[in-house]
């Protein structure tokens, strides 16, 4: 689904619109736990909150600066470790720091580490930069096993977030209280990072992303721009990481692992790196997948991997770009003609998904189920997988599903392309009329 | 031309070698402040390389380059730009995903005293925004201010390219084949634009279009195989036997013929 | 350090370094030719080991040595043709992302099919056991075999690139793909072959490395990161640099692992005692063998600070 000319969908709100959006966001944050009252919902909302901060901080590098980092977990993780140690110091009384200020400790830690490690990292750009962040990430992860005093060894470092009840009797023991602390920081950090995009440094960062060479010829030191952005990203990453510590009250070496970094990358990209709100969607998806999807099927990461591959190939702007493209189509009134194609696409996609998940689930159960009686339950249907004809049947189903999907996809693209052409004609017509 | 003022751009014995190939072989050039110089020569003569050397894209193998009397060889591009030199590119080098307005604004932030500020809003920088609008009006792209740079037509992109170059108000402007790929009428309009926006500035331009060259330049430098064959007024260059032999003859005849038909 | 420990560490280091070079050479070739850094290169290594393990189970190790790389090479070529090529027009970041996605998918599929713990990929009888014994310390045959295969592969690669027509086309397409295409060569097909070839090489390394070292799902990440370090330290795009860096890092790691000294021991030699209460104890008590895992990454950071273009790098910036 590629548009032939990529119109960046700049929502240019009049001031009223801006207040509405931000007010709505604040309202959403405040009201959400009242609407979704279960314990699980609260867990999800809390995690989504600080994950939004983390993914936005990551997108400061990726989407805004064109810097692909494979080591973001270093900054979130070290923020978490510094925060958990600060919490322990505060609990024991050596550091009189109320819990609401702990995230700032994490932020400053993230900033400091980014200042230190960012200097060699930002010496290069593009692909070498990506590899350097990978190497630095591995360095820090390997170091975490060498210094158990700081990283806590196998068991990690635990803390108790309920140590300070002086603040109006709020001890932050109950989940709701933690949520509102997270929500507050989420709002402030989101607003701050959005504001950053409107500043000279923020804009020059975009310029560096688009054309790093030209930036040098208009007087700016590209490396300095990247380094400063790296530090700002590290600051917010540290804040997010501190909340991991506050939320779970334990931090292990896994928090700085390459797997975490990969997760941030994957979901920020999935949400959409080219729009400011894309990472917010990504954060929501991240939490939903790791908490909910993992309950539905143990093979959820495989599906995730395939979705990611699919997105890179067909929708590199992520979910956000898909939303915006469709909003544009809707704005021009073309959605009506596309909805049947969408339905067909959805249907074929569902069939394909079912077919592929059939294979995945069977293999998964075969692998786990060494007591091999040869039968697997799939959506309530018993399948005898030791017989060949079942496998032939499965292969046929998959092949048919693939074929069907490809056919529907092409016809959808055709319809989409026609809609785009019509829209462009309309745009030209409107311009000429001006 | 005030004497006693150092030349705006001066090259002394500049050589540039890539591996074993010597592209620039001992170029000496002195451009006075406010002068308009065109650099002509056959393809592969090293004209773009010369620009790259002056603007800092890479450094010379030997020799000196001076900007307003200050040696700038080996300096980084942004240092040279801050010292008062701006250049355009033969292939438009824009900020594709930013709007036309943003392109120009980015080009003049540093020149207008701003640095790596993240505590101020762009919308509040009144002088910057006003100057951006001025430049947009100068290059006649004010109606396209919100269009993305990558969606402009070719000629519009060339105009934006020049706009980015002059926005910061550098005293020395280098234009690398600004009218490349343009039609006759577009070229004429563009040359007029160049004349307007470079008033009072020192201009070096690489050009192939002889009509543009003879109409725009105070002096012409002829670069052939990395050496300056002649550096003189258009009439003197036209009459120069060496130049005619090496380069100009056929080209000039062509353009005269074209001129006669127009 | 005793002489035999020195020699054995050196040999181990060289064999590991050559294994690293088998991987980094393929990576460098793909990078030089296509401009894309194949994040999934170590995944092909892993696949080679696992497929080699399974095929060995059916027909033995020696046929697997040929079949597994072939299978993985085909997979790689298929990926290039159907996925990577599609993303090429979006730029380098999406290319890197798609290879990253592939590495993730491969990891999950491997865990799906073969499980999450290490598989018992055994050495064939011919390679099991010591090649020679030096004052009581053994040098395993399997490691010598790795060196043999690596050298053989290198020579074959060099001959292919410089002596055959295909090799010439590849060399030309390295720097002037459009011109080569204009001359009538099917450059996309060449690229597909290069990518598949690189994958096959990585898989070959996996087939022989998997039973010498361990075959488990974490092997891709472990080796992958080091291979990237090798490529950056050696200088992106430089085969000679990759060779040098591979050997350097291989030898460095193997020597470090063998050294059981810490700064405290060194300071004790000069009469300075450091105990648990002293400042910096946590840092000083680390033995070199404990620090060994981070040495490549430390080297990376140092190289970037002092010599960003790497040992023999040619590209600037």
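Letters A, B and C name the chains as they come in the text, with residue numbers starting at 1 for each one.
By our rule, a residue touches a chain if its C-beta (ideal position, glycine included) is under 8 Å from a C-beta of that chain, and two chains touch if they have at least 3 such contacts.
All of these numbers come straight from a predicted model, not from anything done at the bench.
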Check your understanding: In this assembly, which chains make contact with subunit A and also with subunit B?
Key -> none
Exercise for review: Compute per-chain Cα centres, compare each with the mean of all protein Cα atoms, and return the closest chain.
Suggested key: A
Study note, to complete from the structure: Relative to subunit C, largest Cα-centroid distance belongs to chain B
Review point. If you average the CA atoms of subunit A and of subunit B, how far apart do the two points sit, in angstrom?
Key: 44
Review point. Just curious, how far off is subunit C from subunit A if you go by their C-alpha centres, in Å?
Key: 30
Check your understanding: Using mean CA coordinates as chain centres, what's the subunit B-subunit C distance in Å?
Key -> 47
**Study point:** Set of subunit B residues in contact with two or more other chains
**Key:** none
Check your understanding: Within the complex, which stretch of subunit A touches subunit B?
Key -> 5-8, 10, 195-196, 198-204, 206-207, 209-211, 213-222, 224-225, 228, 232
Revision key, fill the gap. In their shared complex, subunit A is touched by residues of subunit B numbered 55, 76-78, 81-82, 86-87, 89, 93-98, 102, 105-111, 114-123, 125, 146, 148, 150-151, 164, 167-168
Review point. Which residues of subunit C touch subunit A in their complex?
Key: 31, 37, 83, 86-87, 90, 92-94, 96-98, 100-102, 104-105, 108-109, 112-115, 221, 225, 228-229, 231-232, 236, 282, 286, 290-291, 293-294, 296-298, 300-301, 304-305, 308, 317
Revision key, fill the gap. Contacts from subunit A onto subunit C in the complex sit at residues 66, 68, 70, 117, 119-121, 123-128, 130-132, 134-136, 138-139, 142-143, 145-147, 149-150, 258, 262, 265-266, 269, 299, 301-302, 304-306, 308-309, 312-313, 316, 360, 363-364, 367
